[in-house]
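Have a look at the structure below before the remarks.
Naming follows writing order (A, B, C and D), and every chain is counted from residue 1.
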Amino acid sequence: MPGNSIGRAFVVTTAGESHGPGNVVIIDGCPPGLSLSEDDLLSDLARRRPGQSLLVSARAEEDRPEILSGVYQGRTTGTSIAILVRNTDARSSDYDAIAELYRPGHADFTYDQKYGFRDHRGGGRASARETVARVAAGVVAKKILAEAGIRVIAWVAQVGDISVSVDPLRVTEAQVEATPVRCPDAVKAAEMIALIEEVRRDKDSIGGVAEIAAIGVPPGLGEPVFDKLKADLAKALFSLPAVLGVEYGSGFRSATLRGSQNNDPFIHEDGKVVTETNRHGGMLGGISSGMPILLRAAVKPTSSLPRTQQTVNVRGEPATIETKGRHDPCLLPRFIPMAEAMVAIVLADHYLRHRALLGK
Amino acid sequence: MPGNSIGRAFVVTTAGESHGPGNVVIIDGCPPGLSLSEDDLLSDLARRRPGQSLLVSARAEEDRPEILSGVYQGRTTGTSIAILVRNTDARSSDYDAIAELYRPGHADFTYDQKYGFRDHRGGGRASARETVARVAAGVVAKKILAEAGIRVIAWVAQVGDISVSVDPLRVTEAQVEATPVRCPDAVKAAEMIALIEEVRRDKDSIGGVAEIAAIGVPPGLGEPVFDKLKADLAKALFSLPAVLGVEYGSGFRSATLRGSQNNDPFIHEDGKVVTETNRHGGMLGGISSGMPILLRAAVKPTSSLPRTQQTVNVRGEPATIETKGRHDPCLLPRFIPMAEAMVAIVLADHYLRHRALLGK
Amino acid sequence: MPGNSIGRAFVVTTAGESHGPGNVVIIDGCPPGLSLSEDDLLSDLARRRPGQSLLVSARAEEDRPEILSGVYQGRTTGTSIAILVRNTDARSSDYDAIAELYRPGHADFTYDQKYGFRDHRGGGRASARETVARVAAGVVAKKILAEAGIRVIAWVAQVGDISVSVDPLRVTEAQVEATPVRCPDAVKAAEMIALIEEVRRDKDSIGGVAEIAAIGVPPGLGEPVFDKLKADLAKALFSLPAVLGVEYGSGFRSATLRGSQNNDPFIHEDGKVVTETNRHGGMLGGISSGMPILLRAAVKPTSSLPRTQQTVNVRGEPATIETKGRHDPCLLPRFIPMAEAMVAIVLADHYLRHRALLGK
Amino acid sequence: MPGNSIGRAFVVTTAGESHGPGNVVIIDGCPPGLSLSEDDLLSDLARRRPGQSLLVSARAEEDRPEILSGVYQGRTTGTSIAILVRNTDARSSDYDAIAELYRPGHADFTYDQKYGFRDHRGGGRASARETVARVAAGVVAKKILAEAGIRVIAWVAQVGDISVSVDPLRVTEAQVEATPVRCPDAVKAAEMIALIEEVRRDKDSIGGVAEIAAIGVPPGLGEPVFDKLKADLAKALFSLPAVLGVEYGSGFRSATLRGSQNNDPFIHEDGKVVTETNRHGGMLGGISSGMPILLRAAVKPTSSLPRTQQTVNVRGEPATIETKGRHDPCLLPRFIPMAEAMVAIVLADHYLRHRALLGK
C-alpha cells in the first residue's frame, strides 16, 4: 500500500526518481486565488539544489519547474496543482559500477528486499533528488501560511561538535543565507565550513542538527490523539532522508529535568495568554499554543563516501565500494529548505483542517 | 478535520475521555482467524494502569475490557473489532478546583483555544487515560506480529541522570517487569526508584527515556518517501502524551559522527545479508533492513505537580495552582506498555500494507 | 484493508454484528458546541427499528443508545463521539438451523469465501442491524446540516408497480411518518400497504424505490473529479444493504432524452442564479448548484423468505432453506431513515470539507 | 479538502485541465515487476480520444503519454508511477465568447460558486479532458487484473430508445470496436449510428446507457459496510462526467420484483459453488461472488449544443449561448474506455486490499 502522499486537507503526492525523466508533485487542496508562478518556485528550488558551493554536491543541473495545472492567469484555481521538474544532469553511468553493490547506509539493500528489483541509478526513488518535489510543494504551503501570518524558517544549528544558539524570533533568512553552510552565526559558520572542508579532504562526511521554527502559528492547530501537531511534524521531518532524530522544545534534555524546571508558567501579556518560557516548543497536548514552534532534527553524515568501504554485492559476496557520484560531505546546508518545506506542508494542512472543524 | 485514527491497512480509531463513561477503540483491518479474548487484553491493560506501585499514580480502577464486535467463537472474524473499557474510578470532584485554571504543561489552554470549550475533568480527551484504547489495540497488533515472528519490547533506559545500556536481543519481559520502574537492570532500577521517591518527596517529577525494540521484523517493511517506517514509528511515538523527542539507531549522536564511523558495513552471515553493526537502527531508506529496530523516546517530567505553580485562569488573571489529582512523579514506567502498543500498531499496519503490494 | 469508515472531514467508523454484544459508532470531526443528548437519537433509531408494524420485521428490541464520549454538559466537545447501541433481543438460536447453509441473496457465501469464517447469527456484520450505527451518526450529521440551513428528507416512492410523484419542496416528515409504509401520498400508501400484506401472505417479499431530497444545500459543495458530490452520495447509498441502483435528477430516463430536453436553463430569480427546471438533480459537474438535491435508490425485495428455497450448504451439497428469523416483506419503510442518515453524513462531510478549502 | 485521488491500496491522483499544459496522473501502489511502456497506453488513450469518427467530437489531438517515473527497464518498480499527457490541440479562443456565460448542464456556474474563479477554457478541470489521466491509470490497473485472471469489458447498450441485450461472457473487444458507436450488435449499432447522425443534424444530442462487465473476479473482493465493492464501483462510475445513474444486477428492475423472482439459487457446478442465475450482478453483501460483475451506467445527452440556448451570464443577466467548441452529439462511444478504466481501478484496488487482509 502506497506512501507517496502526505496530508489530509492539503495533500501532497509525489513521483520521480533520481535519474528518470523527472519529478512530479500534485498538490491537492490548495485554496483558490493565491498568486503562483514558476518564478515563485525558483528560489527554494535553487536553495535545495546541489552544486551551490564546494560544501555540497557538485551536480549542477538547474531545476526549471513547469506548472502543469491548477493555476490560471497567475492564480491558483482551487483544483489540483501539478508541477514537473525534469532531471537534466543525470549521469547514470556514474552508477554502473555499483549496480550490483549494496552501498552502506543506503537503501539499495532494503529496496531490493522489498521490491525484488530497483532502479540503481543514483538511488532511484530513495535519492534525495525526490525532495525537489517536496520543496516545490513547500513553496505553495508557505504561501497559504503567509496569508495567515505564519512563517517558517530553518537553519543549521550544529555540524559535528560545533553548535550554535539562535534566537528563533530574531533570526532572518538573510542571515541564514549569508554563508553556504546556512548557519546564521557568522563566526560559527566559518568554523563549520572549515570542519566540512577538513572532512571532505579526509574523504569522509559529517552529521549535524537543523533547527526549524514556525512563527505566528495561532493557538489551536493540531488534533487530539494521533494527529497531534507534534506527531505530524515529526513524521514529516523523519520522512526526509538521513534524519535519525527529532525533538521539540526541551526535547531529550527534558529527560533529565524535573517538572518544576520544565513547566512553562502561563502569564497574561499584551492582552493575551502566553507562557513565560517556551520549553514546550509551542505545542501543548499536541496543539499549538501560540508560542513559536521549535523543532530540531538530527541529520546523519552522508553515507556515500569517496573512499573504500566494505560491503556485499547482490549475491551476498564480499566486495568493496568507493562512491564516485557527486555527494555532499555534509547534508545539512541542503537540508534546510527541505525541512522548511516539510514543516510548511504540515502546518498548511493543519491550518486547513482547523478551518473544516471550526469554520474559521 | 479529525485525527482520532491511525494506520492504513490496520486502522485504529479511538474515542473517550478521562472522566466520561468510557474509552472505545475500533480496530479495522485485523485479519480473520486470530484467537482473541478479553483475557488476552488484561495483562497489557494492567501494565498501563495507574496504581500499580508508589512510583505511579494511585488511581486504582481496574480496567475490564469488553469486546463488542469482530470476535466470534474466540477468533477474529476479519471485520471491525470494538473494545470498550469503562471508566470506573473517576473522581471528577478532584478537578473542580481547577476547572477555570490553565495547568502549566497541560492542554487545558490549547483545548480552550481550539474548541472554545473543554471537558476539564482530568484533562478530558487530552488525558493519558485515552491510551487505554491504544494499549488494547496494541494487544491485537502484537498478535498479528507474533504470527509473523515479530515481537516488540520496551524498557526504561533513563530516569533523570541515571541511564542504562541494554542489549535489545537479550532483554526479556520478565526482566523489564521485575521492578516497578520497568528498567531491566536491577542495580540501575534500584537507583531510578530511589530517585523517583526523592522527587516525589520534593513534590516534583522527573523525566526519562524509553527504549523500544522490534525483533524479527523482516526486511522490506515501510514505504518510500512520506510513509517511511521511521516516519510512521516516530509519529506514533510522538502521538503519545509527554513525548518531546524520538530517535532511532545512532540518533542525535550521529550529528557528531563522521560517515566512516556511522555507516554499518554489509556482511553475509548465516546465509543472509546483514549489517555488522546496527547504527542504522534497523531501517535504511525508511525500510526495514532485517536488523532489530531500535527506537528511543524522551518523556518529559509529569506536568501536574502537588506544589504551588504560577498560572492564569480562563479570564487571563494571575492565579496559583496546586494539582490535587493522583499523578505519577515519573511517567516512564507506565509509558512502556503505551510505547510498545504504538510501535506494534505501526508495524502491524506496515506488515499488512506490504502484503497488499507484494502479495506475501 | 478496512472499509468500516466513511468521510474525510466528518468521519464515521462503525463496528458491530447482528447478534454480538452491540453496535458502536465513532464520529470524528464533529464541530464543538452542538447540543447532543441520547434523547436526540431516539427518534431516528426508532424509525429504523424493526417491529414498528406488521409491514416490517417483528424483532422488538428497543434501541437505547449510550453516548460514551465527545459530549460534555450536553454539547459536543469537538473530539470523537462514540455511541453504543447494545443488542438486546437477539435470538441466535433462530439461526442455528442455517449455520451451514448459504441463504440465497445473502452474504453468507461471500463472507465465507472472503474470510474463511463467519458469524452466521443473523448475518453477523452483513446484517441490516449494522445500520443502527449509521442512523445514530446520521442524527449528528443532521444537526450540523441544520445549523447550515440544510435538511434531508426521504420517502418511499415505489413499492412493486405502485409509484408516486412527490414534490420534494412540499413534502413533510409528518406526511412521510403518517403511514407505516412511509409514502407521503395517503392513497398510494394504502395501495402499497395492501400489496405488502399480499406479498407477506404469499410468503414472499417485494422491492421498491426510495427518494431522498436535500433542501437548502448551498451551491459549491462537492469536489472535482473523484469526490464529486454525486459520487460520494451514490457510494453512501450503495453501501446500504439491498441497494441495486441509484440515480439523481433525470437519472436513467436521461438515456432517452435529447440535450435540448435535458438541459436546465439558468435564470435569475429573487436575486440569485437558479435553474428553471431541475433535471440536473441539484448537482452540476459533481458540485451542488443550490437547487434541491434529488436522489433515487432501488431496493431489492428481501432475500430472506419464509418459504422453501433451493441452495447449497457450506460443503457445496444441495439443500433447501426456509428462513425462520423475523424479516420484513418489504425493506423500504425501514430504509428511509437509513438513506436519510447516509445522505446527511455525506453532506456534512462535504460541508466541512468546503470550509477547509474556502474558510467559510 | 481535496478530491483528486481515488483508491486505498491502488491510489490514483490526477491533475490537469482541458486547455492547460497537460494532464498528469500519479499511480501509487502498483506492484513491482509488471511490464509497462508508453506504447501500452496508446490503445486505450486512442479509444478515449475525440475525433475518431463523426460520431464524436472532432478535436484531433493525438495523446502521446510520457511515463515520468516508476518504470525501469520496462518494468514497474513498485514506487509511484507518473504519466503526463500534454494538451496539444487546445483552441482556447473557441471559448472566449462564452467566458462570461454559464453553459446549461455544465459546471461553469457551480465552479464559480465554489471557487469564486475558474478557468473557463473548455471547462477547465470539469472538462472530460481530465479523463485522459484516468484512462492511463486504467491501463495499469488492467495489467494488475490480467495477472489475476480478471478482465473488464464495456459496451454501449442503449442510445436513446435503441437498446440491445448482450451476453457479457461472450462479447469481445473486437465486436465492441467494430463500429464507432461501440455497440457489439452490428444491427443495433447501425440504428444507433443513424440516430446519432439524425441528432447531430438537429443540432442536438442524445443520451444512452453503457454496460460494464468484469469477468474472472474471484469471490471475496470488497469490504463490509462502507467500502462494499458495489459502493466503490458506483462511486467510480458516478465520478465520471455526465453519469446520472448506476445499477448492477437486476438494478432498478428489482423494485418491481418479488424476492422469489429476484433471488439467485446457489448450486454446485464444476467443483465450485455458483449461482444458477446472476440477478445479483456478481456481488452479495457488497462482496464479489465469483459470478460476472455486471454494471450499467446512464449517461446524459451532451450538454453543449450547437444551437441557441437560454442562460444567464456571470452577472446574472439573461443571455443566449451557442456552443462553438467541438462536442460529441452522443457521449457513449467515448465513455466506454473511461468506464472500463474506472471499473478496473476499483477492482485493482480491492484486489490489493484483499491481499493486505488475507495475505493472498
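Everything that follows uses one rule, which is that a contact is a pair of C-beta atoms (placed from the backbone, for glycine too) under 8 Å apart; a residue touches a chain by one contact, two chains touch by 3 or more.
Computed from a predicted structure; not experimentally measured.
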Based on the averaged CA atom positions, which chain is farthest from chain A? C
A-B or B-C: which has the larger count of contacting C-beta pairs? A-B
What whole-number Å value describes the gap between the mean CA coordinates of chain A and chain B? 26
Could you work out how far the Cα centre of chain B sits from that of chain C, in whole Å? 39
Where chain D touches two or more other chains, by residue: 1-5, 8-9, 14, 29, 32, 78-80, 114-115, 125, 224-225, 352-353, 356-358
Across the complex, what residues on chain A touch chain C? 1, 8-9, 29, 31-32, 78-80, 224-225, 352-353, 355-360
In the complex formed with chain D, which residues of chain C make contact? 1-6, 8-9, 12, 14, 102, 104-107, 109-111, 113-115, 125-126, 130, 158-161, 199, 202, 204-209, 219-228, 230-232, 234-236, 238-239, 241, 243-268, 272-273, 275, 280-281, 283-290, 298-305, 307, 309-312, 316-318, 352-354, 356-358
Contacting residues of chain B [partner chain C, same complex]: 1-5, 8-11, 13-17, 20-24, 26, 28-29, 32-33, 66-70, 72, 75, 77-82, 84, 114-119, 124-125, 352, 356
